[in-house]
Structures are given as C-alpha cells and as structure tokens.
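Each of the next two complexes has chain A plus one other chain: chain B in the first, chain C in the second.
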Partner chain A sequence: MPRGLWIPAALALAFLVLPLVALIARAPWPSVPELVAGSLPALGLSVTTGLTTTALCLLFGIPLAVVLAGSDGWPAPLRRVVRAVVTVPLVLPPVVGGIALLLLLGRQGLLGRPLEQLFGVTVPFSTPAVVLAQTFVSMPFLVLAVEGAVRATGRRFDVVAAALGASRWYAFRRVTLPLVAPGIASGAVLCFTRALGEFGATITFAGSLPGVTRTLPIAAYLGLQSDPDSAIVLALLLLAVSLIVIVSLRDRWLRGSA
Partner chain B sequence: MTRLQAHVVVARPSFRVDLELDVAEGQVLAVLGPNGAGKSTALAALAGGEPLEQGFVRLGSATLSDVQRRIDVDISRRSIGWVFQDSLLFPHLTVLENVAFGLRARGMPRRAALAAAEEWLRLLRIERIGGSRPREISGGEAQRAALARALAPSPQLLLLDEPLAALDAEVRDEVRADLAVRLSAHRGCTVLVTHDPADAVALADDIVILERGRVVQRGTPEALRASPASSYVAAMFPG
Partner chain C sequence: MTRAARRRAAAPASAASVLLVLLCGCSPPAGSAPAGSAPASASTATLSVFAAASLTDSFDALGRQFEEAHPGVTVVLNAAGSAELAQQILSGAPADILATASDATMATVADAGLLAAPAQVFARNSLEIAVPPGNPGQVAGLADFSKAGLLLALCAPEVPCGASAAAALTRAGVSPDPDTLEQGVTSVLTKVRLGEVDAGIVYRTDVLAAGGAVVGVPIPDAQNATTDYPIAVLAGAQHPALAEQFVALVRGSGQDALREAGFAAP
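Up next is the complex of A and B:
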C-alpha cells in the first residue's frame, strides 16, 4: 500500500468524525434532560413508526426476497424489470418517493380518490402515511439483504428437506427461515435505521403535524430554525439511537461468527 | 411388496442418460461407473429431482413418474431417503434434530421423533454426538448422521449417491461396514451410486455398469469378473 494513501484516508475519517464531534461539543448539556423530555413525542413517534415499518418490511419483504432469489428461471426482461423496481427506492431521492405516494394515495390520487369516496379513508398527513413513506424507502434494504442470504444458502437444503418428506411450507419454516435468520436480522436493522432517518418522503407525503407525523428528523430540522438547542438535542437523540443499533448489531454479528 | 422398476432417460444438451433397473425388496443395486457417466443424474431422476425425457419410475404399486401418463410425484411424497457425498446436515439443527427431521416433517410428534432418532444414532454408533451441531463433528460422523437421517423415516427407496467418497480411507472402511449392516436390515429397495468397486462389492447384491450414460453390463461381481464387457469393467474387476 502506498504511504500517500494515508493522508486522504485520514482526511476521509476526519470528515466523518468531526461533524459528530462538533455536535457533541455544542450540546447544551445542562438543559439536555429538559429538552429530551420535550422531544419525547417525536422520539416516541419515530420509534413506533420505525418499528411498524420494520414489521411491514419483514412481513412483505421476506416473501419478495425469497421469490426474487428463485427468479433465475424467469424470462430475462421480467427479471430485470422486477429487480429494477425493487432497487429504485434505494437511489431515488426520497422527495420523489413522497410525491409519488401523494399521486397514488392523495385525495386526487389513483387509489386515494376511490379510497376516500368508498370508505371515507384519507391517507396523507396521518401517522399511517409516515409508515408508508418509511416503508417505501426502507423495503429495498431488507429485500436485498434477505435475497443475498437466501442465494448464499442455495437450494440444496431445500432438496434435502423435500426428500425427507417436508412440504414446501414446512421446509420454508424449518429450514429456509432459520438458515437466513442472520440476513433477516441485519436487513431488519438496516431497515429500521433507514426508517428512523427518513425525512424527504415523510415530509412530502405526511407533513409535519406535531405528535402525528412530526418524527425526530423533521422535528430536528424545524427546531434548527426556531430553537437551535432543541435541534441539537434531537440530533443527539438520533445519533444515540443509531449508536445503540450499531453496537447491538456488532454483538449479534460477533456472536454469529464465533 | 416393495419393488423398484424404472426406466429413466434424461436428456441434457451435453449428454444423455438411459438406465433401466429392477430392484427387488430388500435388495441393493449398485450403479458403478467412471466420473461423468451420469450416475448421479440417474439417481436424481429416480428421486424426482431431475425431469425425465422418457420413461417411468414405479415403486411397489405406486407410479412415481411416468412421462407418457404425465405423472410426476413430488419429491416430498416419494418415500425416499437420499444421501449425498456431502452429508448436507442442516447446520442450524443438532445431529439429533437432523435425524428426527424426516419424522417431524411427516407429522410425528416431537418427543416420539426425537426418541426414534436417538435409536438411529445408536444403530449407527454416534449416540454421543446427538447434541452436537454439524460443524462440530467429523466427516465420518456427519455421514453416519446423514445415513441415520435418511433411514429414520423407513423410506421404501433408499438412494445413496457416493455416500463414502468424501471420507478418508480408514473411516470409509468403518462406515462401509456399518452401512452394510444397516442395508441388510433395510426392507426397502436401495440404489447405490459409486465409482468405487469396493463399495459395490461390499454393499450390493447386483451391479450395473454405466458408461457415458449407457448400461454396458449388469451382473454379480463374479459374473463381471468372469467376462468383462468393457476395458473399464475389466479394470474395475481384475480377473
């Protein structure tokens, strides 16, 4: 390795660390408990919507991942289209996702209009809208992680299970799911952290109603304009949650590989 | 009366396998041949894991495959035990749970299945490792466990695909001896695929020689030795 690489490498590291250092240095520590107490509604909303999003992604994303992992026999164009659809939210600006969700589920939307006319249901600017926005941007993380895990285990264990008399459903529950559990766990963590940080799609599709749709990132952004100290504390809270997630993930991974 | 009667023809772009066989209850047929002869493919066709181009598989009174009649029973309903060169034990289960898997999958209550599995571990002399995970045991133990797992549900058709090939010579002899005992007690039909004539002689009642997807000779070791039909047979059974 050329020594010259050390300098840009150190710069890159500093660039990642220094903002966090600034955040911690500027924190109004004496008033932190009070400010944290004031931001509990936003924290609670963020955690509950984040967990709901993760549950939804698991419920629908695992089946999608398993189907994708078995898609090699499909016609190539179909396979490519489905894969692109799954990957697009990863690279799409979240605001675009929010606008798209509005056009689908807004009062004049493709599905939103019949929903309102037939059932009196309006989705946007509600807590469920927060969950939908988060699910849209988080789902690919789970799907790609689980699909990779399913592909890595291969099909041989499926054949063994079938030869032992296991129905497909039994083999899925008793063999496939346990074997890909580590992939599901890391996918779920990625999914949760992505949901926790979601801003663009949420504010576009769900707005910023205190206690209803104002999640931590949105509260932090708004706070920066009116009450910088509270914004710093909210940012610290998000940082703390992320650190907890990373540390718990580390433990899990270390145990898994031991 | 369990009897295996089959004619499997598998066509792939690069090769073709055509094998006819008839195995009586309690009998062991060895399919012997060099690497690439299509032995494993033929075995997979019997198991339902490889589509037939032509032919049929009948086991007792049941038709498992029949191309003309468009019958193709799912692998999970064929009453087979299938052992591979790698043990392919489920890594997330203990050895005991692995052996109980087929019984559980067929609906046996957990406790009864584990008790039956325990008995199979004893029969294969690996009762010590019931609580171990597959990654903690030796190759010979893993292959014994794989045999126990395949035999535990009392399959009518036992398919052994090079079951000893991955073992060291010494361990192989031991496992082969135990396998011979288990096979003599097994009441279903057995098809053994191997490239090692020692396996065929020690374990099988009858031998079919497969070369490049075609049967070149069948018979007992004595008959093969007496009049080998090819240079491969002559090399495998020197007179």
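Up next is the complex of A and C:
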C-alpha cells in the first residue's frame, strides 16, 4: 500500500467521525434523561416502523434478489430496465420518492383514488404510510446485498442438491438461504438503519403527527426549529440505536464475513 | 514511466485537496464573502435575502425591482420556513437581510445579537382556510377542524403558521383533530393543492398566490390571528448599505406589491 494513501484516508475518517464527536460534545447531558423521556413516542414509532419495514423488505426483497441473480439469461434491455428500477430509489432524492408515493397512493392517486372510493381506505398520514415510505427507500439496500451474496455462492450447490433429489423449494430453503444468510443479515441491517433515518419520503407522504407518523428524524428536524437541545438529543438517540444494531448484529451474525 | 510515477504521487494529494475544499466549502465562516460576489467593487454585489416562505412571490418581484434600480446587484432569495431560516442564521449562514413571518422567530436572532439594527414590521398577514377546488370536505369554518372524519393539515405549533393557527383555533373554541402537523406553510398548501387533505390553515396570501389551485374559506376577524412580518439587516451583512436600501424599498414603494399579494399594512 502506498504511504500517500494514509493522508486522504485519515482525512476521510476524520470527516466521518468529527461531526459525531461534535454532536456528543454539544449534548446537553444534564437534561438528557428528561429529553429522552419526551422523545420515547418518536423512538418507539421509529423502531416499530423500522422493524416492520425490514420484515417487509425481507419478505419481498429476498425473492426479488434471487430472481435478479438468475436474470443473466434474460434479454439485455429487460435486464437493464429491471436493474435500473431496483436501483432508482437509491439515487432518487427521498422527497421525490414521497411525492411519487403520494401520486400513486394519495387520495387523488392512481391506486389511491379507487382504494378510497371502493374501500374507504386512505393511506397517507397513517403509520402504514410511514412503513411504505421507508420500504420504498430501503428495499434496494436489501435486494442488492442479497443478490450479491447469491451470485457469489453460485449455482453449484443448488445443482448438487437437485441431483441428490431435493425439490426446488427444499433446495432454496435448506441450501440457498443458509448460504446467503450473511448477505441477508447485512442487507437487513442496512435496510433497518436506512429506514430508521428516513426523512424526506416520510414527511412528504406520511406527514408528521406525534405518535402516528412523527418518527425520530422528523422530530429532530422540527426540534431544531424550536429547541435545538431536543434536536441534539434526538440525533443522539438515532445514533445510539443505529450503533447498537450495527455493532451487535455484526458480532452475532456476520463474524465470518466481517 | 515518469508520468505514471508523478500521477501516482499526485492522486492522493489532489484527493486530499478536494476533500479540504469540500470541508471548507460547506460552511464558509460568517465573515467570508459568498461565492460570486466581489465585495471590493461596489458595482457587482450579491445581496442575500432570507425571507419567510409566504413572502416568496412578493420578494421575488421586489428583488427584480431592486436589481433594475441597482445595476450589477444580484438579489438571491432564500425562501423557507421562518424558524428554519432563523436556525440557519444562528448556525452562521451568510445573509444580508432576514424577513420572518413572526416576531418570535425574529427575536431568537435578535437575542443572539445577530441583527445590525432592531427589526421593523413591514406587513401583516392573517389566516385563511385553504380547501381543494370543489371543497370535497364541505369545510365551512374553523369548527370543522374538530371533525375526525376529515383529513386536516396544520402547521406544527413550533413554527409561526402553526402558532397562529393554534391561537385562532383557541379563539374559536375548537380543539382540532389534525392528521398531520407540517413543518411549514408551504407543505400544508401542497397537501391541499394535491387534494390529499380536505382543508389546511394557511396565510391569506398563500391562498391568493395559489391562484385557482386552492379555494379560500375566510376566517371571521373575531377568530382570526394576525401575524407581524418583521425585517432586519443582519450584523454579518456583506453589503450593509445595499441591505438598508432594500429594506427601505420593502417598507416604502414596495408596499404596493405586498398589498397586491394580500398583505395588510403594518
């Protein structure tokens, strides 16, 4: 490794760490317990919606990832379009994602209008809307992580399992899934932490109502406008939850690959 | 060979300088000139105006007027929620002028000692209920804001439009049942515009500015809350003299444009 790499590497590390140091340094420690108690509803909402999002992403994202991993035989244009569609939420500003969701599922939306007229269901401004917004932005993280893992393991174990008489489902459950478990775990962690930090799509599509749709990032942003101390504490809470998830899961599930 | 070696040596250094530029460029120190301006020559200058979202259209027009009267001067308008603007200035955002939609938000900047001179009220605004065309929720007044069956948007009480709305609702004796508490009046208006809520409380000027996209339901004077719009030159202003002139325009001949937009005289 060239010595010269150390300088930009150190700068990169400092750039990532120093803002967090500033956050911790500026925290109003004496009033932290009280402020944390005040933000428990937002914390609870963020954690439950984040977990629900992760579950949805696992349920629908793993199959999509497996399908994508086997897409090499598809016509090239189709493959490119599907890949672009999966990647778009990664690069799209989340606010744009929120507007798109509103235009799809809002009361005047493509699907939202029939939903309301036929079933009287309105999606925006509800906790499920928060989950949908989070799922939209975090699904690609899971899909790409799992697809990479599936591609890396290759198909030879499936072939062997089939040769030994395993059905496709059996091979998928007992061979493919365990082999890509580390990929699924890291994808799920990325997915959950991304959902936890979701702001733009949520506030656009789901709004901001305490206990219903006001997640930690939204509460932090609002707090910054009236009570910066509470915003700092909310930011610390987000940081703590993210760190707990990343550190504990890396040790437990990802020991081999870390 | 030599070229390759030089490139090898140069790459980390240039990457480091890019990062340094990024680090420094993100938040220029309060005293530094904003990019593109040349403080030394009086002929070209960029006047940075931070104004409440409800002032967007009027201040756009006033900015153009000012640019015509002062060749070489560019007025850059940063329109956003008042509380957000105040927070940006408290965090060191370089600006010449601040105009907010409430005395309270202006006070946070004044208390921090960041105003060059005390703020002066240049306009007043009152509230109005905005509903989508056709008024699908058949909203007739503030009393409808307690109906659970309607989808209703208000500003959060932490921001000026929310504080005013809360005052009006209290005056009307209504305990609201909102479905979302937005961060600014613009997002309330957007949700009404898209037809996603049945009603929202916004400023009278917002309904006018939205044209036919939303319909206004007036709030009687006895229930309505008026807000003051103060303006001030900031202590860190790059062009204090020009800023004074802009404030003079807003408080003088610019009043016509404000009146046209629906603002009341101070």
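By our rule, the second predicted complex is superposed on the first by the 241 of 258 C-alpha atoms of A that agree within 3 Å, B and C clash if a C-alpha of one lies under 4 Å from a C-alpha of the other, contacts with A are read in each partner's own complex, and residues count from 1 in each chain.
Rule of thumb we're sticking to: contacts are C-beta pairs under 8 Å (C-beta built on N, C-alpha and C of every residue); 3 or more make two chains touch, one makes a residue touch a chain.
Note that the structure is a prediction, hence the values are computed from the model and not measured.
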Fit or clash - chain C, chain B, common chain A: fit
Partner chain(s) touched by A:Leu179 [first = chain B, second = chain C, both, neither]: first
More chain A residues in contact - chain B or chain C: C
Inter-centroid angle chain B-chain A-chain C after superposition on A [Cα, multiple of 10°]: 160
Touching partner for A:Leu224 - first (chain B), second (chain C), both, neither: second
Chain B versus chain C as contact partner of A:Tyr170, first or second or both or neither: first
Chain B versus chain C as contact partner of A:Ala161, first or second or both or neither: first
Minimal inter-chain CA distance - chain C and chain B, angstrom: 41
Residues of chain A contacting chain B in one complex and chain C in the other: none
Of all residues in chain A, those that touch chain B in their complex: 156-157, 159-168, 170-171, 174-175, 178-179, 181
Chain A to chain C touching residues, read off their complex: 2, 4-5, 7-8, 11-12, 15, 102-103, 106-108, 122, 124-125, 203-204, 206-210, 213-214, 221-228
For the chain B and chain A complex, residues of the former touching the latter: 47, 49, 74-82, 84, 88, 90-92, 101-102, 104-106, 149-150, 153
Contact set on chain C toward chain A in their complex: 8-9, 11-13, 15-16, 19-20, 23, 81, 83-84, 86-87, 151, 153, 156, 158-159, 178-183, 187, 191, 194-197
